[in-house]
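Structures for review follow.
Each of the two complexes below includes chain A, the first together with chain B, the second together with chain C.
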Partner chain A sequence: MGGDKLKIVLSLTPPLLIIGTLFFGGILYGFLQSLGYQPSIGKYDINFDAYYNVMFSERYAKLFWSGLALNLWVSFVSTFLAAVLALWGALSIRKTFFAKKICNFIFSLNLPMPHLVVAVGMIFVFSQSGLLARFFTQIGFIASPSEFPILVKDKYGFGIILAYVWKEAAFFFIILMSVLQSLGENFEELAQSLGANKWQRFRYVILPLVMPNLFSASIIVFAFSFGAYEVPAILGVNYPQMLPVMALDFFLNPDLNARSEGMALSMIIAMIVMILVVIYFWLTQSKIRKD
Partner chain B sequence: MNNKIKIVSIAIFSLFFAKIASAEVAPGFNTWDDVKAAADGGEVNVYMWGGSDAINGFVDDFYGAPLKSDYNITLNRVGVAGTVDVVNQVLSEKEAGITGDNGNVDLIWINGENFWTLKQADLLYGPFAAGLPNSQFVAWDNPAVSLDFGRPVDGMESPWSSAQFHFMYDSARNDYEDMPRNYGFLTKWISDNPGRFTYIRPGKGGFVGTRFVKQIFFELSGGHAQWVGPYNEELYNKWAPKVWALLNSWEADLHRGGETYPTNNAELHALFANGEVDMSFTQSPRGAGPTNSSGTTPPTSRAFAFYNNMIGDFNYWAIPYNAPNKAAALVYANLVLEPTLQAAQVQPANGFCCGWGISTAKVTDSKGVAAIQDAQNNLGDAAEDQLILANALVADIAAEYQDKIEADWQANVLLK
Partner chain C sequence: MDNNLKKVNIYAIYLGSIILILPLVAFFINAFSFRWFYPQLIPNELSMQAWVRLKLIPKEGFRSLDGFIDLWLSNPAIIKALVNSVTIGVIVTIVSIIIALPAARVLGLLNFRFKKLIIFIMISPTILPPIAFVLGLNINFISWGFSGSYWGVCLVHLVPIMPYVVLTMTGIFANYNPDFEHQARTLGANKIRTFYLITLPAIAPGMVVAALFAFLVSWSQYLLTFLIGAGKVTTLPLLVFATASSGNPPLTAAISLVFIFPAIVILFFTSKFVSGNSSATSGFGKI
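Right, the complex of A and B next:
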């Protein structure tokens, strides 16, 4: 018995060590810097000035709150749309048909593509001097490329949402396909034999069964899209500006005193994601208990 | 009594001269020969922005070869995405307690805010710039050299090259004669050509945009001279509202209606090359030459400058406090100031981006003079007339204006 306990402790130590030092150590270091503690430039005070500056000072308040609103909007919408798109796709090609393998492949093709490449690709295709704009001008649909509607680098984040939906749908798709595969046809056939139509089968059989997996995948996608930098950096505008872009701006400020603000903003981003994850868990738990 | 005074004054005098006689070339090195001896057989780690193949090739060829053959030093060039990354590295090394000769970085290509970050935090080795033999060619009495973004250099960095803000246009779309030559005419040009102009937003990574806005201050206030010297809050507050009013009046006719602005040179060049806007910015004495050669801008791009108020400044090499090869770093910093190599860096054929770091008037030997003349004659037709550029040259102003302008532009123009 003692030997087992020792084995468990020994096998857990390496990953815990890595998580503890690199991850939690990093967070602790960042947290200290956000409180103003930067011994390398002789700052030893601890206060919440950086947090106040980021959220309420005249210079940054408008930028912060509009950025937060944009961040929440983009993350919620892209997560939701990606989930819907993937669910529809997974349900459509569930049954075996002649091109199933090909469709499967196409749908999950963009999974290994880096977000950065996707963002740059969006610029190439959808910007006002991009492929589509020039094509439509060529065929006479619009008079000049600058009349092409603004789909990227716009203040509602449509380009960012488009990029995330395109990427995350593949992620959801893989998960849903495996879940639906393991579910099998039994529940549906049973419901069908009891007289349920297609919509009822979906609403009362399939949806509740895939919901737990969908929720946990949503949390991952939401947290990622909330805190990611490269897509909003390329496809976003100066104002409103998504929070991770704003945070890096602070961090790269040559004035070292701005580091605290950068760390404070990063801490705020992490806290918001934490809160939302907790709410998600609370919602899923209550849903499971209801059912 | 007289004798005593004589003896004391002689003692003081000799101490004085003794101090001068033993004045160091740089901290830790008594003579230039000591420096060369210490550097012999070693290497030097040069950290610089690596985004231009042409500049990288220039450094490798024109400095790498003489360093090896004349000084027996191996050049190790390290490209970085941004100078701020090296600044962060040195800062992290300080936080990790790496001192003495145990760091990684020997030289940083640096100026402005990044230089100030390191100098302010005591992260630089020096003062060394005045001890270099070739510093005789540097115009240290010129505030444009001895002040970096308005802050004193104090010998903690040594010049490499210079840059002056001006504009680019595409000769396939516009004519040289039609381009505006001051902000007044630019305002008219913008309203005549809606959606065809934008500027880099003043902010981090966009100091070129801040320069663009500073120049508006100079023009609206009637002259640059009153802005030289320490930060003058009254002067700033007098003219800032008029500048923001002008920029806001442009908004409706700017590209994308002023909803978004490019954040750095690369983004503006991309808009210019794609045909979305008709003007871009450049800082090279060869105008559109470097970007034309690298394919960033269309080959028909040419340069033009306003007749006044075009800010120019210098960029430098600095040595971190914990550089592992300080002697080799000094040799390198001295080598780049060599008149024949300075002339080579201005020659378009060599692909370098920027202008003179030395004062060409101070060069007297025939070989140097000939090289300089040749370079001046060869700048290429993508460059603006050097006389116009020289007449419009003004120095950058106190560093406090930089942050103020960036913050106020954001509050008054971007956020409206």
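Right, the complex of A and C next:
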């Protein structure tokens, strides 16, 4: 067994070293900087000033809390809509119909598209001179571009939500398709033979069966959309601003003192995501115990 | 059970598919249009102008093999970015596979103390957003001299890639029977021969999928390259972002098409392996 132990340690060290130094090291150093520890500009004292400044100072408080609200709104709505859309798509595409394969392919097409490209695509489709605005003008629905609602670069984050729904619906879709495939239709047939109608079969048979996967996928999607930079950077506005964009703005500010605020923001984002994941594990664990 | 979809649902699915494909359609129209004025739905004239301005395709009259070679050898920004993206992607993919191979084998085949903790540490970069570690790392890299270098960018790309490669390959080794290796060894094959003749063929299909995903994740990194490359390492996503911000739709569309081309090719090749149970799928969600 001694040889095995050495083998285990030697095999696991390189990837753990990479993740340990780069990932955890980066977080640790970011945390230290958020506490004001910046040896490069001669600051060695530790305090929570940056956190206080970002959250409560007159200058930034409004920006921060509106940003946090936008973050929560965008992440919740886009996760929920993507999940619902994918569930509906997956349940429908299971059945047979004309051009099913093509539809199936299109529903998973957005999966490998980088978020960056999806965000650009939203501008092309939903902006006031985009594809949809042109279409509605052609059919006489609107007369000029300004009559088309502002859906990208809007202060409610609609464009950002659209981009995330586009992208993550494909992700949910793939996961749901494989769950539904592995379940087969036996449960539903059984429920039907016992007299369950369509809604009951969905509510009491399918939904509980796909819920665990749907829920864990939702956590991944929520956590991602909460902390990602590209989509809000392209489709967002200056106020309100999503937190990751705000963090990078602070960080890239020529004033080196603003760095601590940027780090503090990124730590706040990470902490919220972490709390969420812990709640998720706690929920699933307690559910397993109950079962 | 009724296996046919209701008419209304079929139309809804068709409509959904059309809506989902709209961005792609818009990319193609924009990339091959010239003076596509509002409210034209289809441009009056098709044009390669964007591609010529991008310096990916030579001007009219120069579109021979020599013309292409001359243009590409003049090293325009798009070719530079393409070369950078491919080089970094390939290096990172190879390194991540080499590093992950022994670790995945141990994790897949053996049971030991702290295994769960180690797996948790390995997958933690997939949960927390990249902005949480890259800001701190950026400053470290400046002091270590990695900032603005190819190696720095390669190194930082390993962070989001490592978890997927290790997880995907751990899955392969969990269904792998090492007894065949023992048989080969007792029949006189040495370690290297055994690896080439027994281990590699067994894990190759899964390894290819892991490699393709690793490449794709590296290919689509924006934030990490931007912060660690410090403006000196330009990859395709950086070019897409810069062009998108400058507001030239045909040019943005053309670069975007170049950028998504490998993604779609990889989807074709791996669609068989992409399922909800594969850890690689969650990698797709993040690119």
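By our rule, the second predicted complex is superposed on the first by the 258 of 291 C-alpha atoms of A that agree within 3 Å, B and C clash if a C-alpha of one lies under 4 Å from a C-alpha of the other, contacts with A are read in each partner's own complex, and residues count from 1 in each chain.
Quick note on the criterion: a residue touches a chain if its C-beta (ideal position, glycine included) is under 8 Å from a C-beta of that chain, and two chains touch if they have at least 3 such contacts.
Predicted model, so just to flag it, every value in this text is computed and none were measured.
S.K.: Please name the chain, chain B or chain C, that touches the greater number of residues in chain A.
M.R.: Residues of chain A touched, chain B against chain C: more for C.
S.K.: Between chain B (first) and chain C (second), which, if any, makes contact with A:I46: first, second, both or neither?
M.R.: So A:I46 meets neither chain B nor chain C here.
S.K.: Should A:F107 be classified as contacting the first partner (chain B), the second (chain C), both, or neither?
M.R.: After superposing on A, A:F107 lies in contact with chain C but is clear of chain B.
S.K.: Touch test for A:L207: chain B only (first), chain C only (second), both, or neither?
M.R.: neither
S.K.: For A:S129, select first, second, both or neither according to whether it touches chain B, chain C, the two together, or no partner.
M.R.: Both chain B and chain C are touched by A:S129.
S.K.: Contact-wise, after the overlay, does A:I279 reach chain B, chain C, both or neither (first, second, both, neither)?
M.R.: neither
S.K.: Need the overlap of the two footprints on chain A, from chain B and from chain C, as residue ranges.
M.R.: Comparing the two interfaces on chain A, one with chain B and one with chain C, the shared residues are 40, 129, 145.
S.K.: Enumerate the contact residues on chain C facing chain A in the complex.
M.R.: Checking each residue of chain C against chain A gives 1, 3-5, 9-10, 12-14, 16-17, 20-27, 29-30, 38-41, 99-100, 102-103, 105-107, 110, 112, 118, 121-122, 124-140, 143, 155-156, 158-159, 162-163, 166, 216, 219-220, 222-223, 237, 240-241, 244-245, 249, 252-253, 256, 259-260, 263-264, 266-267, 271, 274-277, 281-282, 284-287.
S.K.: Please name which positions on chain B make contact with chain A in the complex.
M.R.: For chain B paired with chain A, touching residues are 82, 84, 87, 91, 94-95, 112-114, 116-117, 120-121, 195, 201, 203-205, 256, 259-261, 263, 271, 274-276, 403, 407, 410-411, 414-415.
S.K.: Which of the residues in chain A end up touching chain C in this complex?
M.R.: Residue positions touching the partner: 4-5, 7-8, 10-12, 14-16, 18-20, 22-33, 40, 85, 89, 92-93, 95-99, 102-103, 106-125, 129-135, 137-138, 145, 166-169, 171, 174-179, 182, 185, 188-189, 192, 213, 217, 220-221, 223-224, 226-230, 233-234, 244, 247-248, 251, 262-263, 266-267, 269-270, 273-274, 277.
S.K.: Can you list the chain A residues touching chain B in their complex?
M.R.: Where chain A meets chain B, its residues are 39-41, 58-59, 62-63, 127-129, 145-146, 150, 153-155, 237-239, 249, 252-256.
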